[in-house]
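The chains carry the letters A, B, C and D, assigned in the order they are written, with residues numbered from 1 in each.
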């Protein structure tokens, strides 16, 4: 097993003041190229088009999750009912640091179109021929596999797994605070130190001391606010719709034999399904943005226009769209109207709703895998959080939707289209 | 002249809380593609390798400078001795917003190697065939030229020029606060609202009400701290040395007829000296990072290695290096020793000193162009700041150096080199 | 009417950065002795015994409410549908500044025991022979009366009244932020600038632009958190119980003809019901604390002990106490047990529940006087907030209780009492 | 020796987030009545008349100093060259917590007039018949004496003494951050965690790792700014002048046999020189403010007026006053002029200069007792800070003065005085 650094290293961090590294293992993981690559993947994808401050990377966030994990373990280690081996301590820290290592560029849209899965890539990077793997293997031969299990939630020790993946884990705590900080909003702030103080190991769970009920309630409310105020922001979703359509168009063009002036060679393994780790690692956001800039000069008009829109932030407008109420025929007619004036509805009429995004505001017991948050009552009983908190109860188990229909208003108003059809479209969109 | 927006727009900003836009002109400038491109140029270049939080863009900063200018003008407009036309108000706001529009990727290193000049490109973008120019021209035909003059400091109204370019201007005030915020350091913080309150228009100058002396002193000290603690950080400079050498190697390879597997086509106009605005605009940091990733697979070993170093953050180490004390012969001998063990000293032995960087901590009267800061005393006299403040006096007019010699320690220790020579090198470097 | 100050005055304020004063009227009100007296009345009464940072005064808060009102009016004045006379502008500012002018020392306990009413005293101070009244009268003869009406909610313009007294008014906005800041908790924070931006005058109401729903929801949740985490904190309530009993004991002693060594002469007019404004003004917290220190040397043991407890922070402990479930006979038996071991239950056994305190977390329509918060929807309709927000809906109209029984555990454990009875008491209290 | 608490206690603190208490000793000290009394003594005396936020108490600050000391010892304990016994650890923590225990109300003015000395009272409280003493004695019989030595700087271990009393000690670090926080100014902020990281025990000193030079420089500059912007603020000094004169008048009246309607009995032992600890403890700021309010109704016009001025914040105005330049005769003439129009110059004409206040911005080696700050250089040498920092060098060893002459402008302008003399006074004061 690797030892301690001669001298503690620190990273200046705006959220946690300092990130402290004392283990050689952690230091080496941070310096592995697959981890450094996270500097070239933004934490919030396209959110920066709405919140210009949100330009921070997953590197940034990953250090933060590690730091919170370090503090949790340090707190727990003072308790008599918590015993952890040195290997498991390193396991927790490594898993916290590496939990996002498999993320690709603009993950949400990318995965949707190309059917990649960042969790699968995380497993491959941890266990494949990588620098990260080589560093982990220095602990023990099966250590990379154990880290993969921790992140994949199959590691036998449920208590440790829940520190990185649960309704109240190091990952979420960090991203709420961090995304709040960088966007400049206050919605995601909560009292981290208080929450860490009331977290207790209890059998195979992490539970909350009952005196901390309001602190955790505040954390859940912060989460809810961040989803609606930041993560699901309509302008961000407009950029997301465009990005998704760019990817889809590229795939379509490739499949239909279009000859690219600027061949997106790094995307090819995606199409052929032969992508290696090496190739995946090279696919960062700089690459996507570079290609987008190349594509903005392609012959294909749709691709060219969408790329310009994304780069120059000429986004789609939106109107309310109740997917359930609307009948499919009306939607089809709208598409026909778009087509009739030369606007391809496959790329210029997009429905988006936040439930497409990983929405998991706390719902008690809804899904098997989702462990509820328990309060440890003075009498030693456990009580599920939403039974104690009216606020959590109100949010729990309710899926909220915010369906919107996105389209290029500027096209409709550029004066080059059949005015009668444009008017009909506007009438139907109520604009 | 363009009018007001129907409804004020705001940007959520972590530093100023909100950036307020009420003029159609400003709104349109922000949406121009040349301005949106600033999202793809980082404010602090390579500083993010040291301070992971410093991933913010020049877009971010430019909005902030605009906002400070807006507040200054709003304060001034309440004073009887300040009269400004509507055109000049827009001029100040536009100049504040666009002052960095000509910046290229990783400007410091880029300009040093390729001899481009961001100030020149600013002028070209403002007055050439661009969206920014088209928007500005809607105010009046000579408005783009006036904005260029404001930024170029040749506009006749010295008072207005000094709001954007002086020892205490909107640009500096914003970057100190913003770079502090994103790095997570507190060194650059000062009381912006107090400084804005004590700024007064006075004849053709902006002066400081004497009661604000300590507030301005604090601002100057904040600036000094940021230079030494952040901007000139040795680890950042190590990355800068590597980046410079990457650029130099690319230029060298091109000039020596090397055949690139991955031709950096967007760099070609740099070599031929024929770069158009369109081509310059396309040269953002995504492009440079993408090329770097391509170059990391080139046949040329030096280029390949340097690119890997930069991307994976395997930086050079450094030792003290007193340029004046050292005699040139010793340096030559050191280079020869490097060459003797197969390490090209042109790319692997770099001297860097902060005075190479635009260091301009306040020096009264040293350079003609640099207007001193004046305090307006109770008796109506003006008194130069460093005559009142011992701290400013201490910093003024003194150039400090921090010469360092950068080199790849890992090469020396990789066990493949002639040990006698390695030992001799180490002896000379005192490591 | 009084004019503008020659030069704007500012107060450095931790919450709003600066409080800006431009009107001579406001400047003179701040300098009136009745307003300066608010420096000697703490904003949060006894909360400082729990949160040592909460030592701020009502002077502090009153300036903040004024500043928020100033900003609201400044925002509104840019809207075409808002017209306000200069007198009404001054009226709003004065009412905001003076809304707490009638508060006495440790109001909650004080008013409960002595049956004074700070609202009534506010009216007397505004309209009686005071410096504040003299300053107000310089605007117009009926101006003091109008300010009194604004604060008393009887002023005809409901829109203006609601700016200072409603579910989302300048008073609450300031105290949430301010009490958060001084206690050092983050629970009360919300995005003030955003809330101010979405507040709109609409007929005789202030409504919320629908896009601001989540911002207001966050404000309501902040309020809820502050009540449970700060204002109703059990330790604070323990101090409050003791304080109340001190006041009650003093009244009792006076009424029963006890001869005080240190006669609390400033309390006498309270007993006789003849208190003048002058006498009320003199009754600040310094006076109460001084008397308490004197009383801690009185012959009466109960008074002496309670005063020592309060000053030296030897508070009562508490147990759960379900007032409804408990039968009165059990309570009487407990009192008898206390009495049997020489502990006077009237002063040493106190039930406290937060609903005794002014609890008014938003409840739609429950009480006639409480105007609901309306959202202004895109179609121009008004929609009551709790119909749009599940969180507000969850909190609305539900009174929560936290009944506790407070008692001196140290007395039970001092070893001087009949152990059998002590054990029986402990058994009944479940301790 | 006392042990650990069963469960760690925390105090929510705005500056350090939480103050952590694990030792029974510390918990008991905090609950001692002499320590609780510090809640009734403000940290910044009269500063609250200028900065309304500065209402925090010495209780508040004392907890902060303790917390910083706790962190320093926790950092040091990880170093091999630092060995400390359990008793000495408790000694450091106790001394940090109790260092201000002897402070009286409004110490600066109080001590000046009544010739008390808070350091002497600290010794008496620690070693006399007090609750604090009783708690300390439970560690060992000579423990109270050792704490007294630590605070009095006579304890043999110089290293430990310097943690609480040196140019860079826990006391100063806390008050800069705390006073900044409560005043709402940013001037006193510095990077506490970085400073704590670079502090190293070294032989009998605490030294600074050379890489921390700029962090310490920033701390020194913060200190300098706080002195000039907050502690020596001219408005605060005006209140201080009035307060001093109130005390002086009371003493004078007592000495001249004046018969007080409201006898200030708690001041009597001051006059007779017989004050007991018990009596001193009772003399808090509530008492002084209560007396002041009583005195504002005395027959003596001077006392009455001064008390009204202080309570209602009708302060003296000031003009520049160069004590050295002025000749004593001119001052005497001015006094005569004041006297001639019935204004007693002994109470209404006050010279104040910050050097009267405890001014100790870093001066290297000027006074024997003041240990310089040393940097630990890479070669193991120690280098005095001002030799490395131009900013510290600029501030070092230079006493700055800001002499002002304070007087009641309102008296001169009340229209009841001989106008010729008033004009002559104004001419001499240049107003």
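In this section, a contact is a pair of C-beta atoms (placed from the backbone, for glycine too) under 8 Å apart; a residue touches a chain by one contact, two chains touch by 3 or more.
Composition by chain, UniProt nomenclature: A, B, C, D = Deoxyguanosinetriphosphate triphosphohydrolase-like protein.
Here the structure is a predicted model, which is why all the values come from computation and not from measurement.
Chemist: Weigh B-C against A-B on C-beta contact pairs and write down the one with more.
Modeler: A-B
Chemist: Relative to chain A, which chain has the most distant C-alpha mean position?
Modeler: D
Chemist: Any idea how many Å lie between the Cα centroids of chain B and chain D?
Modeler: Here the centre of chain D sits 43 Å away from the centre of chain B.
Chemist: Determine the centre-to-centre distance between chain B and chain C, using the mean Cα coordinates as centres, and give it in whole Å.
Modeler: The computed centroid separation for chain B versus chain C comes out at 51 Å.
Chemist: Using Cα averages as centroids, what's the distance between chain A and chain B in whole Å?
Modeler: About 32 Å separates the centre of chain A from that of chain B.
Chemist: Could you pull out the residues of chain D that touch at least 2 other chains?
Modeler: Touching at least two other chains: 17, 185.
Chemist: Write out the stretch or stretches of chain A touching chain C in their complex.
Modeler: So the residues of chain A in touch with chain C come to 185-187, 189-191, 214-215, 217-218, 221, 224-225, 228-229, 390-391, 393-395, 398, 400.
Chemist: Would you mind writing out the residues of chain A in touch with chain D in their complex?
Modeler: 10, 17-18, 193, 197
Chemist: If we count contacts the way the header does, which residues on chain D are in touch with chain C in the complex?
Modeler: 11-15, 17, 31-33, 36-37, 39-40, 48, 51-53, 55-57, 59-60, 63, 181-185, 282, 284-287, 289-290, 293, 308, 311-314
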